[in-house]
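In the two complexes that follow, chain A is the common piece, with chain B as its partner first and chain C second.
Take a look at the complex of A and B:
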């Protein structure tokens, strides 16, 4: 997966440079842009976790936002309604998402492709309805506001640094997982589940574990969102948001590791800019999606990769 | 080693396999021949666990494997290569085979070790034995048809099977590719000790190379024996060889 064109050392240096620049951002960027950058990191982390199942696992992960929302609600509820140590609240919330992913995945992985996606969509919507209507517990459509975030990470720059560290660690972990034997077999399942089964792979178990991993990191992103925004609301698990994450993966390049992060950066920035001029953001999104399907089916990074290197990545259609 | 007894399989009332019997001894090369639609691929699907039989028994190494999930059958030492090319298109040739080796080594749930460091030697060896070393870094989707058929076999070998099942291994190959594939299969049988079960259209090829041949027709196995016995069989001559 790491492009072979540059050596390992060069990539490491480049990565460190990006990190240092990001770490310095709060020092010279206006507060709003620091906040926006944190939001991009969170959204990018979320899209990357989606892509573990989507681009690398080939699963039609249509309602990934549910795990995002559950992570956000879990940490908010624990912080508001319990006296548990704060660190514990932050630490356990992603596991709530992972458990939900396990339960939903257990039901969904029996089906394949589109049917998997549709079932996930309906189960996810069920969770959304519960959250949306259960006023006494989740605050209903108002959501939960004024979540008590510890002062160290509640300021704009504090939450940014927290987000940066957690995102980088999470991305690192996902990268390791995708490059492990597990990740490689996952990609084989994406390409050909039937063949994978005949070489001794328990496809459903593999997919279920993938669901849990993807759900967990979506939960992490949800926790980060609460840290930055101080609130959780039902829209976090709406299916339109799921669609937006899907588009980010497609836009950035869903067969690449960093594609979703790039897609998130583009979409979040666009949404912020377009939002100033019009309220029809979804229309703009729809147009982006159409252009994407026609002109960049492999996303921005996928396109660049095909352009600069690996001339032998032609598929059957090219012959 | 493998014994198929009175196996039956139907799809929506269409009897694809009516009554199939087959014996494969360890170390043999056994071929299944028969006209199109005779039920050869269905039979292989049943043996490899892609389909469950309606009736009958499939005994592999003394245990009934009929209806067992294919990944479990693979873990017992039976590996299959497909008629329609069935590789992992987005992975490189090397990764295609490595995935199979990783699966056999039960590293499927190893989330931490970089896969670059696992099973590399073994994968290289397999690629070398089938003659794909020179293309190991190419995306498998970019290979020629013949190369992909060979890759098919290499993936099956990654599972380190005792019994290798090949569904038309030389279908669509150029004559020179066919010749080298046959050589490869002979090498796998004699040098690596693999038992091979395959089906094929090309009768000349089958008779020149299989130890025993089973003839299928309309879902029924007519006869199984040495190539000579099969050639001499009256029923076969009528049904399949057109009396020639």
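Take a look at the complex of A and C:
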């Protein structure tokens, strides 16, 4: 990230300009594109939260969508089944994801790499299967529809602005966290867990906190999804969706902060465009993925960065 | 909800045998996955798609022969071979260039394969249900302890041990099995003594995929052949391999037993939540033995 003052100012101006353009979008874009933009922001927020654990934490988060789904389900269930203040429902739902992330993380951080991923995958599928089967509580495979969203944020532009504000704040928070001393230690752990342990870093504690952070922001993305779509369904926590988020991180560049957002934008817009012409969208996705693995293993942003400077980030972590 | 009150000894035995025949299929599929994971270190997500492909191929070959008994046997034999040929082409064409990549990349690559196979099946067979009737000798049921029991499931029960012993023989007693086990531990060393590791990997991959196809072909007469069967089986097979210990064939057997039996027994306790039992069993095993019950190969 830019170290000197001038370029920091430049980045800040660029960021503000993008924000202002985004904020004006609902005024001149058709409703569908506003909706699509909101969806991109949510998916990007989700992919970024995954990347906190994956790209910066070096943990193979194979089933991140669980936290997304739990966030979505908790806000929907609270809005439908309880009379709690609406603001409280929105505010507490991400904490449900965070608590789940704490529990799952507590079990998973004992292991690393593929074993971590596999354990996470199995714990996540347990949550999925419970949600999928518990008809009386979660609506089973039908999911929950017609969630009563307050009128202020239920319109297309209202939900867009809500999504924009919440995701920008969340992204900012994640950026601050990753650039704090905590974030630096986290990346040190990713690059070499043994050495970090030797210099006195509590590796597992840091990884556990990262899990909770990643889970929390995934929960935020889940809440936003309900705001935009007005429903929650089990596919939100299916493991194929988790893999799609992984692809987004990979596509954008999983050692960069904004990479996953870019990846999400590419995938979501491609799906919408290609989906118009063919029902075989997944084949297109698969071909993109194969090309990516063969030719761009560091993602789009990682590749572009390689033009300007050679980052000495090792992509070949120990197998 | 009087289901739970009618647990009888005979019912228990019947559920047990149903669970065992389910276990057979799970074991055949997950042992292939385990073999590939143990030797090549590829978490092959497309394994479930090959299973589905095996089932669809079995259906097609059997209908080609007009559902005659001979056609059925041909189908059981040809479907896995077809799957093996497809996997050989994939391995030689794409996979063999990627062995030194990270697990995550390999996993996502197999995910891409899974998406392509899924669409290919949709393109070739359409999205309707298919079903296959077993040949006449396997129709009907035999009485066991006074309970009728489908003959085809008994046939499945006899296949399971054959595959287990065959795999044991292959990995422990043949030259290729020994080389494969050595390559799983240290592939560079195996290459250094003059063995073409690339082809060893290819043959292990093909054997693993053959087992997926075999599982698919065997399961075809027992259930509807659908588009979604790849998603459920791959999840189950992965969990079985993990609780058994990566790369351990006996672990796959143990895992399949745990998974299949908790599933079929769970139906007697809480029918609505029966699917939750095997997943819960997996989680309990992993909390106490995070690396699986038996020793992993790596």
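Throughout what follows, the second predicted complex is superposed on the first by the 304 of 319 C-alpha atoms of A that agree within 3 Å, B and C clash if a C-alpha of one lies under 4 Å from a C-alpha of the other, contacts with A are read in each partner's own complex, and residues count from 1 in each chain.
We adopt the following convention: a residue touches a chain if its C-beta (ideal position, glycine included) is under 8 Å from a C-beta of that chain, and two chains touch if they have at least 3 such contacts.
No experiment lies behind these values; they were computed from the predicted model shown.
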| item | value |
| --- | --- |
| Chain B versus chain C as contact partner of A:285, first or second or both or neither | second |
| Greater chain A contact set [chain C / chain B] | C |
| Contacts of A:235 with chain B and chain C, given as first, second, both or neither | neither |
| Touched partner set for A:209, first chain B, second chain C, both or neither | first |
| Which superposed partner A:197 touches (first chain B, second chain C, both, neither) | first |
| Shared contact residues on chain A - chain B and chain C | 315-316, 319 |
| Residue ranges of chain B in contact with chain A within the complex | 48-50, 69-71, 74-75, 79-80, 82, 86-91, 95-96, 98-100, 102-104, 107-116, 118, 137-139, 141-142, 155-156, 158-159 |
| Touch list for chain A against partner chain B, complex | 176-177, 179-185, 187-188, 190-192, 194-203, 206, 209, 255, 310, 312-316, 318-319 |
| In the complex with chain A, residue positions of chain C that touch it | 41, 43, 45, 94, 97-98, 100-105, 107-109, 111-116, 118-119, 122-123, 231, 235, 238-239, 242, 272-273, 275-276, 279-280, 282-283, 286-287, 290-291 |
| Of all residues in chain A, those that touch chain C in their complex | 60, 62, 107, 110-111, 113-115, 117-119, 121-123, 125-126, 129-130, 132-135, 239-240, 243, 246-247, 250, 279-280, 282-283, 285-287, 289-290, 293-294, 297, 315-317, 319 |
